[in-house]
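Working notes for the structure below.
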Amino acid sequence: MAGTSINWFRYASPASFFSLAGPLARAFGIAAALLALAGLWIGLVVAPTDAQQGEAYRIIFIHVPAAWMSMFIYVVMAFWCAMSLVFNARLAAMTAQALAPSGAVFTVIALVTGSLWGKPTWGTYWAWDARMTSELILLFLYFGFMALRNAIDDPRRADRACAVLALVGAVNVPVIYFSVKWWNTLHQGASVSLTTAPRMAAIMLAGMLVMTLAAWSYSIAVTLVRLRAIINERERGAPWRRAVAQ
Amino acid sequence: MAPMDSAIARPAPSGGAWAGMRWALVRDLRLALRSRAELGVLLLFYVIVVALFPLGVGPDPSLLRTMGPGVLWVTALMTSMLALPRLFAGDFADGSLEQIALSPYPLPALIAGKIAAHWASTGLPLAAASPWLGVQFGLSTGELEVLALGLLMGTPTLSLLGAIGAALTLGVRGSGALVSLLVLPLCVPVLIFGAGAVDAVRDAVSTNAHFSWLGAMLLASAVGAPLATAAAVRIALD
Amino acid sequence: MLVAQQLAAQRGFSPLFAGVGFTLHAGEALHVTGANGSGKTTLLRMVCGLTRPAQGTLAWRGADGAAALRECTLYVGHASALKDDLTAEQNLHSLSTLHGETADERAVQRALAEWNLDAQRALPARALSQGQRRRVALARLRLTPRELWVLDEPTSALDAAGVDLLREHLRSHAARGGLAIIASHDTRSADGAGIRELRL
Amino acid sequence: MAPMDSAIARPAPSGGAWAGMRWALVRDLRLALRSRAELGVLLLFYVIVVALFPLGVGPDPSLLRTMGPGVLWVTALMTSMLALPRLFAGDFADGSLEQIALSPYPLPALIAGKIAAHWASTGLPLAAASPWLGVQFGLSTGELEVLALGLLMGTPTLSLLGAIGAALTLGVRGSGALVSLLVLPLCVPVLIFGAGAVDAVRDAVSTNAHFSWLGAMLLASAVGAPLATAAAVRIALD
Amino acid sequence: MLVAQQLAAQRGFSPLFAGVGFTLHAGEALHVTGANGSGKTTLLRMVCGLTRPAQGTLAWRGADGAAALRECTLYVGHASALKDDLTAEQNLHSLSTLHGETADERAVQRALAEWNLDAQRALPARALSQGQRRRVALARLRLTPRELWVLDEPTSALDAAGVDLLREHLRSHAARGGLAIIASHDTRSADGAGIRELRL
């Protein structure tokens, strides 16, 4: 741990990170585009029409990755918030701040695609099913995070306040994930898990995974871009900025 | 002045946490009773709520029965929301919060005391009144028991979670609605299990699951919330 | 002994002050002066551990520890920390128990009498005049004996008699080997033995 | 400094009442929602509150439909009560209220402006959102219209009545506080008629009676409340 | 000309002061002094019509009328009447429009600059230091020209420069034939021409 932590701290300083972020963002952006194309091709062309659901099921290729990301990004966000509280590292807090919007976006996508899917399958756009509700709560948590953020004038105070909020809100993620287990609901349970063999067609699985990778690299790219912007604003006065400026 | 000329450096008071918690609890309860206004308003509020629904829904008993628990639970949620701003804002404005943060007692303990007082003036009365209110909705005895028990176990969690939001929004622009935005989502699970328990009784299903969840959430928040709130308070004072 | 080294404060995006340091021995008092907004209150809040220094260290009795420092500190800030609904007496009692003192009725009444608030003893703090509120706040100096006093504008709204009384307290505190840090524009409180000045 | 050396005695500003009302309205609105973001927060808050009920009660559509109006009306009451303490307490604490009372504009006009702002930041958004929220409860078009109209006419009354109570509790202990308890029950008729109107639509009964009552209460309070509140404020400052 | 006769104040059950009277001509200033709780603030609030006298009369320009007096009065009290959420600039603008003035951007900025708050112009009042708040409150003296100034503890939390500036204002106000009533324990603000003292 000690060994790794040293260089971790080197990149934990905005100064050394800033130069790194630019090219990384570009690389991940391109990757995201390619993966998305591949995933959509698999999902819309290669994958066969589903027996009962017809074409409608193809939403899964967007819905599931989005839903996964919505939860995953929150976990990552909470992690960085913890880091910023413990090590008092500015960059960690900024990362969390940069992650929030992407998380919100994916949550919205999961909600929208989900309810669009719900119409043909369940005959309703919305039901107060546990998973849907908890996903909606996740959206509100993202909103709350951002709202608190821009309600506080002092940036460092905002960092720490939002960090506390994010950590508290993290309890919602397991609720979302296991909601299908805890309440017998409309929503179907996890059919992909690391422990048991997947219960769906290999090709579908492949499509979903490729799309998930696309979502990942997209999130990383966007986050890095936002991070650069935030650093630009936050570290205005700092000496190293002037150095970079020249 | 004789006592003053003794040593000016005192040891930290003994029996830290509990004494601190008691101090905050007693003091806030006393203050709450001083300004009976808010208390009365809260009580009136949920009497109105409960009185209103039968009016809105009409006398159909089966309907009333099914919605009774949900209404009472949401009312509990709203009343604790109503009182949240008062939890820290006053102390923050008049400088008491600084003194509390500087006290030799552990801050989380003091905060826990304040939360307990908040609960005693919002959740507890509702839980106590719930059997009577539930009768208005024609709940059966079994349902009433579960309802009251659920409220007793659930409302403290609401206060605990609410405290975090209240502390986070201290001295923040437009904190009024922001608190609710931060807190209400976190409270939803409590609501689900609490109301669910009563439905379970109606459907003659075991309520163990619900209560164990309520208990788990109460424990978790009882441990976590004071710490998180204390952190938030220190941040607000920084 | 309190040693502050290279303290720096940051507010918003801009630094407020930097490189502030001082050493305070038993029986000494530090009089912090400076223009409005120069950071006196911020510095005082740092000393008693409310605000985290952006840089620098505070050492109390050699050991570096905010907790140890907090235990020995009494902070009387701009805000007098009185609850409007409680009487002067109740306020004092509640505040001193909060700081772990076992203040009995008589001690509280003696303190109030000393700041000549006998008549106002049973008044809700809401009814007190500005100076009377300040006096109640200062009455805590007796009820909560601490080694280090941190007073922010203690003389604001105080009348001449009040200022004398405060000076008297400061003197006997110093005689007892206590330390004090006072932020004030009021030069009346600044004279006396062993009072050094720190200009921000 | 040139302009300053002119006459130091100014005439009272022209166009008294309206100008004063506008000042208070604009200023309080600005304080309530310093950014569009905060308006969003407020709406989100409604969404959450309304979303909670189905959670507690369960997704049964017919049930939701019957309780929809009641829920929205209680939400209206709660949101306006959430904001009530902030109506005067803040200005009282920081001395703004003194300055308002000393302004050349007539005090009742200024107060009316403050009340209007309070309504515009609590009742109005809810009334505006109510059709959409009502859909969540599966209300019919006709019901939605009546609901929205009722809220539009009813929520100002809630704010007006609430203002009296808020002013009475200023600074005063005991007695004044208790008086404010007498104000709240006055809100009950508003809720009853408001929610009742929607049921009337459902039962295909004429809603005239309900609306004329709502209108009457609105008129009465619009005339009386600012005067009463102004008097209460002067007393609180004395 | 302001004439006060036989003013008496009652607080709670006990009389606070009685038989207070004074006459103030154009260009004069009255410096109200007295121990804490002697009734200075109460007297000032009476003059500007916030508190009703238990007895006695206030005559303004011969005519007896609180309304007429209020129109010509500017009251700066203990509380600085700033909204924490608004910036210093917005606060000043809102306050002066409340008093019927049409304060344009530049006037406000000039007033702030005069009290040397350029840097804090866009800060929310919450972030201001105590003395900076006081300075913003005093900047109203320029923006809301009135014949009678009623200032309660105007120098509290002000640094030396601020006090000088205030004295400067008082002098020019007097020169313009304005009246002023100041309650303060701070003797620094009390010297100067045509300043009489009223001891409660």
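The chains carry the letters A, B, C, D and E, assigned in the order they are written, with residues numbered from 1 in each.
Convention: contacts are C-beta pairs under 8 Å (C-beta built on N, C-alpha and C of every residue); 3 or more make two chains touch, one makes a residue touch a chain.
Everything numeric here is computed off the predicted structure, so don't read it as measured data.
Centroid distances from subunit B, each centroid being the mean of CA atoms, peak for E.
Most remote chain with respect to subunit D, judged by CA-atom centres, is C.
The greatest number of inter-chain C-beta pairs in contact is found between B-D.
The distance from the centre of subunit B to the centre of subunit E, each centre being the mean of the chain's C-alpha atoms, comes to 44 Å. Per-chain CA centroids place subunit A at a distance of 49 Å from subunit C.
Inter-chain spacing, taken between the CA centroids of subunit B and subunit C, is 35 Å. Residue positions of subunit A touching 2 or more other chains, listed in rising order: 133, 140, 143, 147, 151, 153-154.
Taken residue by residue, subunit C touches two or more other chains at 11-12, 78, 84-85, whereas all remaining positions touch fewer. Taken residue by residue, subunit B touches two or more other chains at 34-35, 93, 173-174, 178, 181, 184-185, 188, 192, 238, whereas all remaining positions touch fewer.
Interface of subunit C with subunit B (complex): residues 48-52, 70-73, 75, 77-86, 94-95, 97-101, 107, 110, 142, 145-147, 173, 176-178.
Residues of subunit D that touch subunit E in their complex: 1, 3-10, 12-13, 23, 27, 30-31, 34, 90, 93-96, 98-105, 237-238.
Of all residues in subunit C, only 10-15 touch subunit A in the complex they form.
Residue ranges on subunit A touching subunit B, taken from their complex, read 85, 130, 133-134, 137, 140-141, 143-144, 147-148, 151-153, 157, 160-161, 164-165, 167-169, 171-172, 175, 183.
Note for the complex: subunit A touches subunit C at residues 153-156, 234, 236-237.
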